[in-house]
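In what comes next, chain A is part of two complexes: it sits with chain B in the first one and with chain C in the second one.
For the complex of A and B:
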């Protein structure tokens, strides 16, 4: 279970989460949030293709991320969700807050 | 020869009865006596008279012959008649037996016919009742099924059935969905706020953590102050009396630094307390923030599946209703056909009545015949009794043809008409 992120020169932030996206990642997540806050990012993508399970804290973390890094009118992108994860996002009405690809 | 045969035959025909003797002998005697008498008087007269007497005698003999032959014929006839009568007597005896047997059969036929009528009527009554009941029950069933399905069907809401089970079920499902949505919203909100709290507690933790290093610094300072005071005390002792005031100051400073150390320790302990309090809060928040999300998904899937199932159920029950409808119609048709078939009762009753009539007619004839035969036995075979028999036969034929005229000429249900009463 880990978070890694890449920031490239155009201000495009990519965050990749591996394993279970749960409470134990909250500290790492905050580090990413604070580094993203400080830089001038133009686009933020969360890569969920290797995420197995998600608990409710993940939902909270993502919304906090949106609060701090939500880029003006452009929403944060969430990519590569597995079907169960995607279903959970839809049940929680997350398509209102995020761009799903 | 011929003459001889004739005369012989002639005499053979005679049986010697009194009459014969009279007719034969009398004229001879008369003629002889008379001729003897006349012989006394004249010869011509005698010849004439004897001729006359012989002629008379011949005539009487001839008439006698005729009468004999007539008698013979009559005797022969009577002999024949006797044979016929004997024959008839045998026939009569035979007839009487036959009549007795026929009578017995007629009685049986009447009884059996009555039985048939009774059985058929009884059975048909029972069948009719059963068929009508069957139809009624089928209708009732159909209505019950219909009302159950209407109750369950969602379209009944439009017919004012706001309390139908279907609308209740649908309402229930809708409210379940709403509850689920609220629950999810709640969970997400709780998660956001609790994560926010987690992060602020983290910051607090870090900030308070920094106090420890400050306290370390304080410890360092008070240690150093202690050392300096010690040095000052030593210098003061070296300075002798002039240093006594200084030595007091130095020892006071030492005391101060020691209480400063104590205060630092107190602060340390308090801060540790606060830290453990924060840690407790962090643990609590963790439990609130990290909830298993599986139940959310399974609940939602369950509700959706339930809706699909209910739709399928409604469709199936609607199909069932139309099938039941058709069945009820089919049952009604079958019952009607059966009841129509039961109308054969009329025809059976009529036929039985006709059988009864025929039986009566035959019985009547048999009675007539019996009495005719009795009279034959009593009165002998005369024209009167024979006429009676003939009349009885004619009467029977008339009766039979009148019954035939009224008979129902049909063997099946599809054709013919029953006579109207």
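For the complex of A and C:
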């Protein structure tokens, strides 16, 4: 389980999450968020193609990310979700909060 | 700070003095012993920080001395350094195997001697850090345990027996951790409507326990006051958004069952599909169409439930997503499809029991990844309680003299359910022990008639079949939104008369009324939102009178003072 991130030249912050996206990533996630915030970035891409399992804490963390970006819709892109993972977003009807690619 | 003390044990006086001088020059404080027995005594009495000893000693030998020293120093790490003339590997190996930490072979250089001591002191310091950290951890764990006990106590009280509210509801639960993240509650409104909630907080354990407090508080209090699940959903959502951090939310499914089991309302925000079973066939009824509670109070939050007409005798199944993540021995999850298949294929006299067994047997005792909750609601009209009045009020009531008049325009009843609103106004002025529920029913019927048929002009004959039923509620929503000056005026008077309280309730609406000369049988078609219609009011009230136009009704309710 890990989060890695890079900041690209267009000012978009890319995060990649691997393994299980759950409560254990809580601290790391917050750290990543605060380093992004201190760089003044407000657009994110979250790469979830290597995510095995996701739970409600993960949805909570993404809400936190969305909140810190300013709650303007779709400033966060979520990429590469497996159908199972995407279904979890759909059950919570969070499709309106994130841009899924 | 007290000086670092070294116990120096050497039976050769000259050598011992030489080493002692060297150590003292290096600022160590030295305790000397020339035989093993004395050394042991001094070790116990003076608690030195380090021991330096020869192997060959008078009295107790070096190896035995060190074994004993190590046996005695359990809580603290005291480094032991052997100084010896022996060079054979067996003797040197024994220096460490008996418990010593290092050795120096004579002749030695003082620089090396001192530096070995530094190395040992470093390890000693590290050891002490670990013990400190461990003790802090133990203290924290202990206070965490007592906090968890407190939270558990509060949780149990707030949530209570959960499903204890009704015979129609069965609840199965298998917890993943100490607290269930799932909360299940059920209770009746004064008019006999059954409200049920099953919710699942994001995160585990303590989050759920804390979340249980506002959720159960609001659910029970509002149900007791006769509110619909739509209102309850709105209030819980407001509360959770206000008090909890952004990342904490609560997936929930609420079901409202009308007293005669004529219809049910379902609100599903983030929970798995709700299933309905009738005539041995199970079908999906209500998917999650809403965002969970505690996420947003904006326009993206919708509190309107799905309303479904039912026949009576069906069974509803609610689950939390712990059911869907149950894994079989091959590590495959049950999932929505798997659970749906399970529901459709099980045949048993004890259907609910069998479903629960199948789900839990999957993990075969390996524990559950998440809390598993399964609720069955049996929509049986026969099992509904006839009289929901509870002996809550201890004191008997005194009928007082009062009059309250209010006029409420459409924008009020667009957002607020009028029946509990009016009922609460009445209850705050006048308690009527044993009659609160009947009065609520009368108020509800009259006010809802006024809104639905009077102001909104809806035709209740639509509610006779399932499609018409859905259409009825859709029309209702549409018409509520339109921008006209519809109003409902409620006038309530009360006074005492011969050991009775007399309540007079007049409800007038801005609609065009109806034909008051209709026969009684036609009037019974004029069923209000609660479904039992004007005949019920007539049964409960001393009198029910309409004006000529049909848009104003006055009901008189008499009650005996106990």
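Keep in mind that, in the parts below, the second predicted complex is superposed on the first by the 95 of 101 C-alpha atoms of A that agree within 3 Å, B and C clash if a C-alpha of one lies under 4 Å from a C-alpha of the other, contacts with A are read in each partner's own complex, and residues count from 1 in each chain.
Everything that follows uses one rule, which is that contacts are C-beta pairs under 8 Å (C-beta built on N, C-alpha and C of every residue); 3 or more make two chains touch, one makes a residue touch a chain.
All of these numbers come straight from a predicted model, not from anything done at the bench.
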{"item": "Chain A as common anchor, with chain B and chain C clashing or fitting", "value": "clash"}
{"item": "Touching partner for A:27 - first (chain B), second (chain C), both, neither", "value": "first"}
{"item": "First (chain B), second (chain C), both or neither touched by A:96", "value": "second"}
{"item": "Which of chain B and chain C A:54 touches, first, second, both or neither", "value": "first"}
{"item": "Touching partner for A:64 - first (chain B), second (chain C), both, neither", "value": "both"}
{"item": "Touching both chain C and chain B, counted on chain A across the two superposed complexes", "value": "23, 55-57, 59-61, 63-64, 84, 87, 91-93"}
{"item": "Residues of chain C defined as touching chain A within the complex", "value": "200-204, 245-249, 251, 269-272, 288-292, 295, 300, 321, 335-336, 370"}
{"item": "Residues of chain A defined as touching chain C within the complex", "value": "23, 55-57, 59-61, 63-64, 67, 84, 87, 91-94, 96"}
{"item": "Contact set on chain B toward chain A in their complex", "value": "184-185, 187-188, 190-196, 198-199, 202, 286, 289-293, 296-297, 300"}
{"item": "Chain B partner contacts - residues on chain A that touch it in the complex", "value": "22-23, 26-27, 30, 54-57, 59-61, 63-64, 84, 87-88, 91-93"}
